[in-house]
Every structure is written in structure tokens, then in C-alpha cells.
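For reference, chains read A, B, C, D and E in written order, and residue numbers begin at 1 within each chain.
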Amino acid sequence: MSNQPIVKLVNVNKSYGNVYALEDINLDFYPGEIVSLVGDNGAGKSTLTKIISGTEGPDDKGQIMVDNTEVKNWTSAKARARGIETVYQNRALSEQQTIYDNVFLGREITNRFGFIDRKKEIEETESLMRKIGYTSKVWTPYSSVNKLSGGERQGVAISRAILFESRLVILDEPTTAMALTEAAEVLEFVRNLKKSGKSVIFISHNPWDAHAVADRFVILERGKIVFDGPKGSMSADDFIALLHKFAKKDIKS
Amino acid sequence: GTWCSGVKISYFKGGTADSFSDVLEKGAKQAAADTGADVTIISSNWDFPTMVQKFKEEIAKKPDAISFMGHPGDAAIQPSAKAAKDAGILVDFSNVPAPKSIATVNGGFTGANLKLMGNNLAARSVKDFGLKKGDQAIVIGTFGVPGRSDREDGTVSTLEKAGVKVTKLDLKAFAGNAAGDPNLVTPTLTASILKNKNLKLIVAAGPILGNMNNYFKAAKLEPGKVKAAGFDLGDTVLKGFEEGYIQLTADQEPFKQGYMPIISLCLAKQYGLGQTSVDTSSGFVTTANYKVVAALPKGFR
Amino acid sequence: MSEQKKGVLIPERLKPVLGAFIFFVVMMVAFIASSPEVFLNIGIYSAVFLSLPLFAIMGMSLVFVTAAGEIDLAFPSIIALSGLAFAWTLQQTNLNFILAAIFSVAVGISCGLLNGYLITKLGLSSLITTLGMNFALIGLTNVLNNGEVRTLEGLNDSKIKSILVGSFGPIPAQMFWMFAIAFVLGMIFHRHKFGLHVRVAGDNPEAGRAMGVNIERTKILCFALVGLCASIVGILGILLLSTYFSTLGEAYLLPTLAAVFVGGTPVTGGKGTIGGLVIGATTVVFIQTGVVAAGLDGQWTSLGFGLVIVLSLLGHRKFSGRLTR
Amino acid sequence: MSEQKKGVLIPERLKPVLGAFIFFVVMMVAFIASSPEVFLNIGIYSAVFLSLPLFAIMGMSLVFVTAAGEIDLAFPSIIALSGLAFAWTLQQTNLNFILAAIFSVAVGISCGLLNGYLITKLGLSSLITTLGMNFALIGLTNVLNNGEVRTLEGLNDSKIKSILVGSFGPIPAQMFWMFAIAFVLGMIFHRHKFGLHVRVAGDNPEAGRAMGVNIERTKILCFALVGLCASIVGILGILLLSTYFSTLGEAYLLPTLAAVFVGGTPVTGGKGTIGGLVIGATTVVFIQTGVVAAGLDGQWTSLGFGLVIVLSLLGHRKFSGRLTR
Amino acid sequence: MSNQPIVKLVNVNKSYGNVYALEDINLDFYPGEIVSLVGDNGAGKSTLTKIISGTEGPDDKGQIMVDNTEVKNWTSAKARARGIETVYQNRALSEQQTIYDNVFLGREITNRFGFIDRKKEIEETESLMRKIGYTSKVWTPYSSVNKLSGGERQGVAISRAILFESRLVILDEPTTAMALTEAAEVLEFVRNLKKSGKSVIFISHNPWDAHAVADRFVILERGKIVFDGPKGSMSADDFIALLHKFAKKDIKS
């Protein structure tokens, strides 16, 4: 890990109406590091990723620093241009469009008049899907996304995130509703990302998965960071015990 | 009759189904039965671009003759009229005069001079009801759509010349055409009546005129307290006369506007006679003569 | 999250009604200020209340259809066709009101059932199907009626007419009928299980199906209700005029739709309000009166009408959050 | 699952176009069979092709709006208002066509932008907003025009008129313009990234936003395109008539909407087809002609029109699966 | 476990167009037994539950037997009347309606004219939610469901399933997207169901959860049952190994 964080959050806050989803968040993400972000439902994990990826603006007081410079009016287009890619919890796919349209959405390969170079997009989509191991006789890059299974959709969303020169990949519950073997493939894929020098933020409700891939754990509870530390020699069971310790207690009467 | 059989005539009526257009259609069909002519009825929903479009389509079908009514004026139709003439189709105009086009095709014209009709109704009202400067009147109808509202526009301008202050109630304005259901005019008309303290006259046409009794009741007006005048003549209008709600109306005899053009075109086609022009807006129905009219056979006006 | 919103004083489900009401009051205050001589006179209210019930009764059934996630644009033609059935039967039977009303209602409901069948069983889009059916049914009406204006003079003295559309003091009888129907339909919409099923049909039909609710039947019944209300409106309209025109329903299309949305029922389905509809219909019928009374004649009316619709939408937006996409 | 569907020969995205086309062919065969004397005569096609381009050009812009998940009912009034701008400028400038066209287009686009702003930025429902705006803008047009009919006789001999709406042999010039515009808009809709963004806006705007697509701007531009096409339609319509009436746009509302859906663009957003629209518009404009030619006059036309719309919907349903909720 | 199965499937098939989602399924579900139904994405698990709960009809050839009698034209209403309750993967909640409306949907407490007895429904909802440990100061039975968090929605769906005299409760991925502590509560709840004599079908992609609650495992792969046996002394690791053995292999090229 180099010393300069790719993204640094300083005192970031986010409220929805009277609800504080995030409070005074200070976090750094370094190159080549896999951070498992965990916490209860509603803890603010997705909100945090949305702020980093530019789809939601934080409240005024805090700062987002990318490569040690503060960024203002952060948008998803800017984030992607700076190498921050996100696989959203809801996948962010347009079901009725083709696979290649979805892969290149917002960053279409076009001629100078803005017309899409389909041939090139399809070629790249094919080689990419092959690379991450998704191929099929049933669908082609021309297929629309609504023809795909949940796992396949996930594949499209992930391939989209790695296609471009990404440095930090955020995966928001990428294994949710995935069967064992498919989930294992995603974990393998996350480790490969790290090998190729990319930084990863991995969000999961499955503590075994979260433990398996992580270099570092960040636990969020009710909008606050309650734990931030390296995995070190912590075992899965230790980690689960840690999680239980911080879990909010007051949901039960 | 069969003397005109085999002659194809396209007859333009205005709406698909309103009482005026329906009487036009009745007239044309009567003429078809009397002559044996093969008459096709074309409807345009009173929409000008549609009328011109349909006119062009009919010319393309090359019938023997076209009776074109309610059209949008010379500039729009003269080129097509010329095309019809070139194609050897006889053309007759009705309802709204189009001098240049009529000249182009040497056609006939059957109908009322609507503007004049409006002027006359207003003048007659001023005279009969003793309207004077400062009196107020309400005119209900469509305004500012030439061809469709010549009559109402004419009424308004003549009334205003006589110093009468006119409030226009636009039927089209309220969400489509309130002429379809005269009930829907009640609230605005009542508002207008309350607003115009010096109201002397209400002018309306067709179903709205026929519903005058209900408007008077809604506004708590005695029959005759304010005079009502207008256009068209049907059962409900005659009833209005009888009950004292209506004092004056001018009918443009739509039946004749349906019947005469077919006869004229048949004569021209079969016997080479020149086309005929007929003015159908000759008289007024008043409190003095409505009984005579009421006794006439029904369904022809 | 560490804090919670507190003190939401107005229950969520009352917001649209309240929003529609506030908007109505503001509009009326503006009208009264601009034309006190008209709006401080009881006469204008009597006049407006003559036709208000027709819009409101029609609109209530549209609240059901809209909440069920569909839309109905065919009701103007159903008014015309069922009205024809009513007028024709009256003529044939020498004014047998009961028979005529039964036949008219049967025609109206049948049209609604047909729409409902096409839409739910054959899976067609309600917007386009009812647009098409509106043309088809008015065409059928015209073909059957063949351009006649049917005068029903005898009606003027009939008892039934004075019960249905007579007046109690300054208040037209149909206002009472409107409130009665609003009460019944309001109870059904908000309190009966049918109303719940309607809202579920518009919100998440799959969930309803999984819980054993017959979503198709629920939707079909909503369209049938539109047919029923259309025939009621046709009957009342004809009684008011003692005359039948085949153009009877035409003018209801846009104002009634506007009343539904001005009343706070969102186009997206899943909820709605009968109380709001009554307020929305009242707003809509007062708009034109108000503009005319303000001395702006003719051409200004539609400008005013359009602006009021957009403004009321903005009001709902601010008051209850985004209603619709 | 152990087997897979095989041999889907027709690509999914061509199905609506093909469906619309088959329907059109079947309808025309029926018309030709019933009235060969009319439909085997080239003249009728020349006549129908006079107005077809106007419906088609208008409809193309509605395909964009519909695919973007919105609807626009305000275009008839935009035709009227931008047409007024055109006619007025011609009168003021002694028939300076360029200036008049620029002003008209500017007015049309501004109206579209206003709709787009209200709908996307203020979050109002497009159905109701444009319903309201349709009233407001026609009211404004009438107030400004004050009932004048603007005769532009000089136009009859102008060169620009013969270029835009003259004829090449039996084919009206506007047919070529229609195809040119269909080609450009078709390329943009199906191949340009703007078209993709439009479809994504209608299918899953959140996904688009997450991928950096400016969904609001995309939608606003769709409404602006409606304004642009409305002014083109206004200009062509005025040139055809050499006359301006403020009722110019009125008759476009329902047939144009019908053309969009008959053409195979679903109301649910996310997809659409420009080729299908052209076929749909052709179907719609031939319906009336065909019904009259079949010897069914006046009253039957709307019955035929309605039935064709419902039938075409059923055809799409069978052919491409359920298009819409 | 008694000898008479509550539900018995005999040769059940289900195809969607050319796709066979289920092929020749033979399965029994006995009272007081927790069956963990596992398998890859698209294996047919949800389809199987839909057939048992009556929301999808099977193909003609097979039979569904309830209490050893064949049932025909099986619908969700009938299934519920026979004590079969389902918590669907998609929760089947109407977001804009209140909690109590959702709980009683399809089985409203009404007077004899069909008008809903709100007071009673609210009371029962409250006592029920209290019983299963979901209470809150933020929402009341009057709240509409769209105000609730994912976990809370899950609670509504579950409480709906146990409110009525149910004998067989089907839970389709009830812990998906749930945080550790909330998931633990659901597992606890499943065990309680068993204690009260109810039979449970539990579907999960989390092998640890599936293992933890089960008495018996059924593994589905591509529409077929590939394993059906008691848990016995099988450890979680054995179970995971078993799963890996059956996992479909051909998703990768």
C-alpha cells in the first residue's frame, strides 16, 4: 500500500430530512487494499458508497479528497473519469437495453458526432465477458438485460466496473441472492482486482465472505464508524464476535 | 327518382354528429333519394385542415361532383378548386361563401351569408328590444374562428356598434366543446348574468338556445326579463318561444343546404345547366310568427 | 441514523385532501376578491351546483380506476351510448323511467366490462384501449342514433325528475345524490376490502395475487364502475335538459380527468381519495366561472383553466411530495 | 432448466415494426378489396400523402417523449402558438420566410423547454402538466391572435412553398422531408447516444444517473424536440393552406397519439421505434379514407377508427408480447 | 414427525415456454420438520415454492397432494385456507398501504358487508409485532410499508405468515440483504416455528444459515432434485462440500 490514499473522506455528513444517514465520517482508501465495509441494515453503507461515487452529494461541512486534492460538485461522471467505479446494490442496469448498451452506458464509444460504434462496443463486451468467465449460448451482447438471470446481471454490472481504467472499485452487496458457487466466483474476482493493483470497497452482509476477502474492516453503525482496523490475524469467528458486539441492540423491545 | 343515377357526388357536412350537420345530411340524402344520385357523405369534424385534406382526397377519387361546405376560405382552397376544375369535377359551395373559388369553378353557392346573418340578428334585436347605449348583452358561441364563428362575430360587432356592451362566452374554451352538453354552460352564464347588472339580451345558437329556460331558472330570471335571441330552430327552441324564454331566432335552413346543392349539381351534370345559388337565410322567427313555424312538419330545420 | 423526524401532525393519507382543499380555498378567496358581486351571491353557487355533481360522480369512478393503476378515456362515449339507451327507452315506453334507467345502466356497465376484459384478460394497455374504445363507442352511438335530437318533453313534469334533479331551496337535488354516492364510494374505497384490493392492484398486483386477491376481477369491476357512473351521469344530464344529444359526454373528458388529479389522486396508482376528488371537481367547475366573473371573457378562460391545473399540481408537489413520475 | 428456446428468428427490436407493418398491409388489403376503384387509383395516395408527413413528423417526437417514460398532450397548442408566430412574422415582414421560420421554431422549442422544466425540475406528472399546458397555450394563442384569420396569399406562388410542400410528380414534396427527418431522428433514436439515454431515462432513470447520464437534461430535450416538431408541423400546415387559423393543431391530438402506439411504441417507456411510427401514422391516416371509401359514411368513421386502434393493439400483444401494463 | 405428509408432490413439472424450471419433482413435507431447500440461481427453488403456495400452476401431468388428498386448481387462497403460508422472495407487500392492511391482505377482518374492522386488525397487528419482537417508536400499524427498512418489511411479511393457523411456512430467502443480527433473529424465529409444531421450508443462499436451521436438506439443480436427505450428523463444512459437488459447472466456458 502506498502512502497516498486514492479517496479520503474528511468529516463527511449526510442527512435525509431529519435523518442522519452518516455522521462525521473520516476514512481513507489506499491503492491495492480491500476494505470490507459492514454494518446493520440502514447503517449507512450504501449512502457512503453513493457519496464516494458521486451519485449523492454530502452535506456541506465535510470534504471529499481524491488524490489528496479536494473535489467539489462531485458527480458520478467525474468519479468515473477519476477511476472510481461502482457496482450498485440495485445493479443500475437498464433492463430493456442490450448488454453492450448497458456496459458502455454513460461512456459510449462514439464517432465524433456522438453516434455509437456498435461493432466496437460489442467486440469489447464479448472479450470482457469471456475474460471474467461469463459466456453463454443463450445470450449475446445483443440480448437485452431482462433476458438474463440474476447472476448474469451481476456479471454485466461487474464487467462494466472493470472495463475502464478503474483504480477503486466499490461493490455494494455483490453476492446478495447469489448461489454458493457464483458467490465464490465473485470473491475470486475481487481478489484478482487486488492483484492487478486496484483498490476495492466490498460491502456484504455475509460475514464469512466479508472476512474472506478483506485486508481491513470498517464497521458502520447508525451512521458512525465504530471500528476501523486491519484484518491482521483476526479469524472469521473473532470477526463475527466483533460484529455482534457493535450490532445495534435496540431493534428489539 | 332515377334521373341522376350513376352520378357520383361527394357531399361535405361539418361535424360527425351535431344537430346542424345531421340536418344537412338528411337534406343531402333526401336529394339522393329524389334524384338517384350516388351521394357519399364526408365529415371533417369542422376542422379546417381536415376539410382541405378531405377536399383533396375527394378530388383524387374523381367523382362527378363535389359539394363543399364550411370551408376555411379562398386562400386555402382556391388551388384545390382549380385542380378539381382541371379534373373535370363540378364543384358547388355551401354554408360559407368563397367568392374567388366559386368564380374559379363557375360554381354555385347555397347557404346563408353568415356574417350578414349575424349583423341582421343584432340589428333586429336592437330594434325589437329597444336596446340602447350602455345596455349589456351576452353572446355565447365560438369566437374568432373565421368561417365557424362569422355569425357570432357579426352579431358582436353590430351590437357593439349600437353601443351595447358585449360579454363573449366562449364554448370552446372550457375543455373541449361545451356545446355538446348545454348543462355545462349554466355556471358561467349565471356568473355573467350576475356580473352584468344592465343585461338586456342573451344570444346563443342550437342546443344552448334551446336550453334557455334552464339558464333562466338557474339565474332566477323571469322569462322575458332579459331577451333571448339566436340562431337555429328545433323543437326545444320552439318550446322556448312558447314558454316566453326566447323572442327571436334566425334559421339558416340547413336542410336546404343539404338538398339544393345535390339538385343543382345533378342538373349541371345531366343536362348541362348552370349551377344555382340559393340564399337560405331569408327570415326571422319571432314571437309573432313562431306558431306558424311550429305547426310545420318536423325534422327539417 | 441518529435522529428521527418527529411531529408529523398531518397523517399522510389526509395530505392530498387537505392540499386540494387549501388550493380550492385560496382560489375561491381570489375569485371573491376579484368579483364580490358574483361570488357573494348565492345564485352562482346554485348554478354551479347544477353541473358539479355530474363531474364529481364521473370522477369518483375514475379515482378507482386510477388507483388501480389504469386509466379510462372511454367514459365520454359511454355517457353518450348509455344516455341513448335511456332516451330511446323513454321514448319507446312512454316515459317508463325505471325500465329506461335499468337499460341505460346495463349498457353502461357492459361497456365498462368490455373495457375491463380487453385490458386485464387480454393484457392491453388501458390508455390506448380506452382511447380506441372512446372512438368506437361514440361511432356506435352515432350510427344507432342517426343524428336525432331526442326531445323528452313529458319529463319536465315528472316526479322522478324533481326527485333526482329538482331543488331543495337553493340547493339542487343532485348535490344530495352526489354526497350520498361520495359517501358510499368513499366508504368502499377507503374502508371496504374491495377498496383495499383496488389500491393493491395499482400498487403491487403481484403481491395481491400472492395473497389470494383476484386482481383481474378487481380491475374489471373498476371499469364496470366507470360504466355505471357514466350511465348515471348520462341519466342526470338528460333529465336536466329533457333532451338527448349524442354529443352529451364529450365535454366531460378533460375536466373530469383534471378533477381527479387536482383532487390529489396520483396518476401512478396505489392510492387515491374520494374526498379529494369532490374538492377537485369543485375547483375545476369553479375555474371557468371565476375567470368569466373576473371579466376576462372568451379566450382567457382556457388560459386560466390551464394555469390553475398546473398550479394545483405544483401545490400538491410541495405539500405531499412528488405524487407522480 | 434443461432446454432453451431456440430459433427466435425475428430480432426482438424489429418485432414492433414488423407487427405494425403486417397490420398495415392487412388493413390495406381489406381496403383494396372493398373499394378497388379508390385504392387502385394513384390519386388517393397523392392526397393522403399530403397530410401524412405532418402526423408522422409530430409523432416521431412523441416516440422520444414516450420512450423517455413521459407523455406530451400539449403539442396541439404548440402547433397553434408557433404557427401564429410564423404567420404573424410573415405578415409583418412581407413574407420573410427565414425569419418567420426561425421565430416559429424558437417559440415551439421554448414551449417544449418550459414543459420539460416543469416536469423534470419541479417533478410534476407529465400527463397532467401537459394537459394543463395544452389549455394554457391555446388560451394564450387565442388571446394573442384575437380571432384573426391570417391569409397569406402571396405564399401560393413562393418558391419556398413549392420546395417544402410542392410536388414531384404525384408525390408531395413533404413526403421527402418526412423521410429525411425520419432518417435523422431514427438514427438519433436508435444509434446515437442521446437515443440510448432517452430509452434509459424511460426504463431506469436511476441507473442512468448512476452511470453519469444527465437524465433531466435528456428528458427536457425530448420535450424541446416536441416543440421543434410542432413548429415544423405548424409551418408545413400553414404553407399547405396559405392561411393561419388558431385551430390549426387541434385535430392532431388523438390521431398522432394513436399513431405512436399503433406503430408499436409501448406506453411504458424504455423503448420505441421511429420506423414503426411512420407505419403507424400511415395506418392511422388511411383508416378514415378507407372507411369512407368502403361506402360507410360519416358516423361509421369513428367506429372504424376505434376498432382499428384496439385491433392493432391486440395484434402487437400477440406478436411481441405484452407491451404495456 | 408424524407419518402423514402435509404436502406431497408427485411427478410435478413446470415449464415456461421451452424452459423447464422443474422436472419430475417428488417431495414430501412432514409436520414439525425444517427443510432447507438449496441450489444455484435459477435452479427452480422459487418456482417450487410458488407451486406449493398456489401462485403458479404446475404442468398437467403431476399431482399436488395435501393431507394425502389430491388438490386441483390450487390457488393461493386455497393454500392459505389449508394452512400453507409463504414469505415470498419479493416480500409481496403493497408499499403504499398500511402495515395492518398488508398483514391482513386477502384475509381481511370485516363485518358481514365486507367493510374492514380496522380496530381489530390494528390490535392484532400490534400484538403480533410485539410477539415477534418488532416494535418501534417510529412506525405504527398505520404507517405505510414504504416508510420501513428492509428488515422491518421482512418482519411484516413474516408476521403475516404466522398470524393465521399455519401448518407449513415457506420462507424464500428470508435473510437476503439482512445484517448479521437481524438474520440471527430470523433463524431463531424459524426454530420457534418448529417448536410450535409447524413445518418449515427454508430457502437460503447462505450455506451456514441453511445448515444451522435444517432437519433435512433438499438440493435442487436445474429443475431436478439431486439430493434429499436428513441432516443427521453432517457438519456445515460437509454440507458446503456437498453443495459444491452438485453445483452446475457449465456457467463458465
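One rule holds in what follows: contacts are C-beta pairs under 8 Å (C-beta built on N, C-alpha and C of every residue); 3 or more make two chains touch, one makes a residue touch a chain.
On a predicted model such as this, the values are computed, not experimentally measured, just so you know.
Quickly list, by label, the chains bordering both chain B and chain D.
The shared contacts of chain B and chain D, listed by label, come to C.
Going by the stated contact rule, which chains contact chain B and chain C alike?
D
Measuring between mean CA coordinates, which chain is farthest from chain E?
Most distant chain from chain E: B.
Suppose chain centres are the mean of their C-alpha atoms. Which chain sits farthest from chain A?
It is B.
Please compute the C-alpha centroid of chain C, do the same for chain E, then give the distance between them in whole Å.
43
Centroid from C-alpha atoms only, then distance chain A to chain E, rounded to Å. What do you get?
So the centre of chain A lies 31 Å away from the centre of chain E.
Distance between chain C and chain D based on Cα centroids, please, to the nearest Å.
Chain centroid spacing, chain C to chain D, equals 30 Å.
Please report how many Å separate the Cα centroid of chain D from that of chain E, as a whole number.
The answer is 50 Å.
Among the residues of chain B, which ones contact at least 2 other chains?
16-17, 25, 143-144, 173, 175
For chain A, which residues are shared contacts with two or more other chains?
Within chain A, the residues that touch at least two other chains are 42.
Quick check on chain D: which residues sit in contact with 2+ other chains?
4, 135, 139, 142, 146-147, 298-299, 301-302
Within the complex, which stretch of chain B touches chain D?
Listed in rising order, the residues are 13, 16-17, 25, 40-43, 45, 47-50, 52-53, 56-57, 59-62, 72-76, 78-79, 143-149, 153, 173, 175.
For the complex, give me every residue of chain A touching chain E.
Touch list, chain A to chain E: 39-43, 130, 133-135, 149-151, 173, 176-183, 185, 205-208, 240, 243-244, 247-248, 251-253.
What residues of chain D sit close enough to touch chain A in their complex?
Those in contact with chain A are residues 4, 11-12, 187, 191-194, 196, 199-200, 203-204, 206-213, 270-271.
Sort out for me which residues of chain C touch chain D in the complex.
Chain C residues touching chain D: 69, 118, 122-125, 127-129, 131-140, 142-143, 146-147, 254, 257-258, 261, 266-267, 298-310, 313-314, 317, 322-325.
So in the complex, which bits of chain B are touching chain C?
Contacts found on chain B: 16-19, 21-23, 25-26, 143-144, 167-170, 172-184, 186-192, 194-195, 197, 207, 210-211, 214, 218-220, 234-236, 239.
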